[in-house]
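Consider the two complexes below, in which chain A is the common component and chain B and chain C are the respective partners.
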Partner chain A sequence: MSSAVVSPIPKAHPTVRDPWLFRIGLITMASAFLLLFVVIPVWTVFHEALAKGVGTYFAAFQDSAGRSAIGLTLLVAAIAVPCNLIFGLCASWAIAKFQFPGKSLLVTFIDLPFAVSPVVSGLIYVLLFGSRGWFGPLLSAWNVQIIFAVPGIVLATIFVTFPFVARELITIMQAQGSEEEQAALSLGASGWQTFWRITLPKAKWGLLYGVILCNARAMGEFGAVSVVSGHIRGLTNTIPLHVEILYNEYNFVAAFAMASLLTLLALLTLVIKSFLEWRMRAAPTATELPSFG
Partner chain B sequence: MADARRSHCNGIAQLRMKIEVRDLIRKFGAYTALNRVSLDADDGELVALLGPSGSGKTTLLRIIAGLDFPDEGNVYFDGVDSTRLKIQKRHVGFVFQSYALFRHMSVFKNVAFGLEVMSGKERLDRAEVRNRVTELLQLVQLPGFENRLPHQLSGGQRQRVALARALAIKPRILLLDEPFGALDAKVRKELRNWIKDLQHQLKITTFFVTHDQEEALEMADRVAVMNNARIEQIGTPSEIQDQPATAFVEEFIHTKQTF
Partner chain C sequence: MSWRALQLWYQRKILPGFGLTLGITLAYLSLIVLIPLSATFLRASALGWDGIVHALTSPRVVASFELSFSISLYAALINALLGTILGWVLIRYDFPGRRIVDAIVDLPFALPTAVAGIALTAIYAGNGLIGQPLAALTGLKVAYTPLGILIALIFVGLPFVVRTVQPVLEDLEVEYEEAAASLGASRLQTIRRVVLPQILPAILTGFALAFARAVGEYGSVVFISGNMPMKTEIVPLLIITKLEQYDYAGATAIAALMLVISFVLLFGINALQRWSHHIRVAT
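So, the complex of A and B:
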């Protein structure tokens, strides 16, 4: 009884237990599922990649098409992630701190890329900027190519990944309110100083969390990028597209070697994500704590 | 300790302010928060804005601070129309009900914030900032708390840090929004006397918002009783108690506060 006074969440009584068969059954099913759908595929990626030895594995990255795919993936992420960082900050600031008409519509639209199929996301850009699209004639008159070129890949990636940072920040900023910002202003800080010294540091862990997820998706996106890329080897193939091409050419070692890069990125993302989740839980939330004399 | 307090008092004493509020109207859509409210405060006066929730007292405080702006009417600081003056230019010390301490900064950084964002000639060097913060933390009886984070402090300590932070910029007036709202009864009583003493020492013109009539009558030089977006009566605590101007004041003052 006394333990219930100390902890607000009553613990399950130790003598009341679910039947052991039921518990073991559930644990086995969950573990088997994870093994079948996560562990075996991940293991397969590295097993196949290293099937013909470490030398062959690393040779896959010496190939010029492979290198250009890695380079393009890094370039696209290097443009898309900062864009979505800035967009996410603007959108979350506007949504969390101001009241304006159409606000709920904006929030809904931020979720759109999660709801729509990536292939459709890619097709939108083909319809807009393709040679027979709305802006097609204008672009060809200016000699600007977007579809089947790097700009199209960047645009499609930005579209698919923009909810990550914005959603994370909106939740955090709405929870934190704007009283600290008002206090900073009353102490003579400019809007700019308030943003850099108060708003941004308060949201930094959530911001990093959004950036990490955004980056993982930007580097791994297949569908939308596939539609706008044109699959020009050495020019418009990102890592995921290059993997597909290699696989279709029965070049399994190279395909899995490339895939192992994305897998490593995913594992790294998971580690950083767990760290950030831990930091956000540990971060001081002064105004949420109850006061005690 | 006594020296520190005196030197700080000297710094603030010359900045006392007379505040005049004239015919303020503030509407939020169809809801009227302030309906022709006028109010004065003399140099160094402690004025309580007392009323039930929704009476407009916090809106009035926020308009004096520059956190909100009236639809009609004016606010004068020492005779100068300051109605549209930006909050950064007003030099008001505002203590929020939730204290709004910067949660990611130490106590030192919190108190130093107003000094570190100053620009141009007013700007202090590092040693001066350190001295001011030390002085202020002594003033609010929290010496040695520089490196604590806000979540490591009790409610009463947080409030005193918020007060020190507001005083750091040598404000022309001090505005306190429900300063004891988040504290338990015992701490509330202690801090009440302490803040009253501090205000008398500093002689800084102060407004504070409260819904607790006992608090208002005990602390304030004058009390403005508010109801339904209007001021029902302004007077000294004894005037309010002995000659309530309206039936509302009579009832509100003599009803025991229930929590």
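So, the complex of A and C:
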């Protein structure tokens, strides 16, 4: 995912300007495409959720199964995102600041989860920890349940959101180099001080960028979680899984009401993302050194 | 040893934490990603060559692969065409609302797939906003047909081509186009002979990314596809069906093949990106 920010269009020479009919045609085509595939679906979510009035809409959140789905989604994100954040910080420090054999292979491996189908991402854990999986007999002997329980959902979520923070931080820290870190160390700062006062402030916008994308995916993941959850109402249903259950029960208002929460999260994520892209582009190339005091 | 390598070697001496961070990285990567993925291949290999071939050649499995790959291909082609137009419009033309249009391109990345799935189904169902007039005017049914799968896969692949083409278009030197124009080329000739060759690697990268995503996509498709075996059953859904029937062998064989295909696509995409970068640096 590259971060593209629209920059002002330079005034082009008349010879390379497209004819106005051509321009209008392409703009119309592009807008119609987005209207059809993005704007109308988002509008539909709110339209369907409010189809029977505001009262029915809010009543959908009074349901105890709905509330526990919201709680589970928050819990899963609260575990998965910090895990991947710590991993991202470690991976980017090792990869961006040091040279070692096999580095590009390691970067490719970190990207692997993005290439795997969500369903397969869930399946790999079923094959390990499910009742017929490798560790199935061992786990049942210990009375530990991973699949069709919360740990499986957390594992699958960690897998699908694995690369988000790491790849963002690796790119940023590689671009920033480590001259300032070396200066701090030569002036007597400890490794931790250097990290907290130099590296982290320099990478903070990129870090936040990775975290909000990771969080959006963690809260919205459906396929991988669907395979490992077992769909136990009130126990192992996240918001997306609860949406599916309500929808299949023809309870459309409640389904779209739950879906509207996730849609609001998506819209909020896009707003923060645009803000962070603007910040990262606006950031001066030479970062201001924080005062040691 | 080159000067740069020497510098980095020296850096390793003074920057601390290499062993700790690399250790955590490798341990976490192995536990979460590498071991589970290898375990899947080991489970598949335990089926034996005959077992794998048997599981993968049943008519239902073959039909789902044909469906998934053909519709993903169409969706990625449509995304390549419309995504390039969208990228061009956003980089080259000024019009009101351009920034908002640019921001909403990312919505399919941010919107959970299940939400997209139920919204698209509601729109294209027989009584839906678009489904109803479409059926009345043309008799065309979208929801619960392969056409519905196509719509869902276009949705999830939409941002890829736009986001790979945009930065390349932005870096393009307008001087080349001016030179072509001043030498007598028409605007269309310039676009075809000067602009297109430079952005082609980026279009192909975006196309491959959209295709890879479409092949594995599940959430947005299952609601709109109707899930009829042999007709509208995609590969990821068939894996889930096999799991629910406790056909672990069948599910594992399909999953292993999907993983191989994903990895081939990933390496192809990496090669395309290097090529694209090479062309950008060269020009």
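In this section, the second predicted complex is superposed on the first by the 271 of 293 C-alpha atoms of A that agree within 3 Å, B and C clash if a C-alpha of one lies under 4 Å from a C-alpha of the other, contacts with A are read in each partner's own complex, and residues count from 1 in each chain.
Criterion: a residue touches a chain if its C-beta (ideal position, glycine included) is under 8 Å from a C-beta of that chain, and two chains touch if they have at least 3 such contacts.
Predicted, not measured: the structure shown is a model, and the values here were computed from it.
Q: Scan A:Ile110 for contacts with chain B and chain C and give back first, second, both or neither.
A: The answer is second: A:Ile110 touches chain C but not chain B.
Q: Is A:Leu187 touching the first partner chain B, the second partner chain C, both, or neither of them?
A: Touch partner of A:Leu187: chain B, not chain C.
Q: Going by the contact rule set out at the top, does A:Ala282 touch chain B (first), chain C (second), both, or neither?
A: neither
Q: In the overlay, work out which of chain B or chain C sits against more residues of chain A.
A: Ranking chain B and chain C by residues of chain A touched puts C first.
Q: In the overlay, answer first, second, both or neither for which of chain B and chain C A:Pro201 touches.
A: In the superposed model, A:Pro201 contacts chain B only, not chain C.
Q: Starting from the residues of chain A touching chain B, keep only those that also touch chain C in the other complex, and list them.
A: Shared contact residues on chain A: 182, 185-186.
Q: Which of the residues in chain A come into contact with chain C in the complex?
A: Residue list for chain A touching chain C: 1-2, 4-7, 9-10, 12-13, 15-16, 18-19, 22-23, 26-27, 29-31, 33-34, 36-42, 44-45, 48, 83, 86-87, 89-91, 93-95, 97-100, 106, 108-113, 115-120, 123-128, 132, 134, 155, 158-159, 162, 178, 181-182, 185-186, 191, 195, 213, 216, 219-223, 226-227, 240-241, 243-244, 247, 252, 255-256, 259, 262-263, 266-267, 269-270, 273-274.
Q: Can you check the complex and tell me which residues of chain A touch chain B?
A: So the residues of chain A touching chain B come out as 179-180, 182-190, 193, 197-198, 201-202, 283-287, 289, 291-293.
Q: Taking the touch rule as given, give the residues of chain B at its contact with chain A in the complex, in rising order.
A: Per the stated touch rule, the residues are 65-67, 87-88, 90-94, 96, 98-104, 113-114, 117-118, 149-152, 154-156, 158, 165-166, 168-169, 182-184, 186-187.
Q: Provide the residue numbers of chain C that touch chain A in the complex, in ascending order.
A: The contact residues of chain C facing chain A are 5, 8-9, 11-12, 14-18, 20-22, 24-26, 28-29, 32-37, 39-40, 43, 82, 85-86, 88-95, 98-99, 101-116, 118-120, 122-123, 129-130, 151, 154-155, 158-159, 163-164, 166-167, 170, 174, 177-178, 181-182, 187, 190, 212, 215-219, 223, 235-237, 239-240, 243, 246, 248, 251-252, 255, 258-259, 262-263, 265-266, 270.
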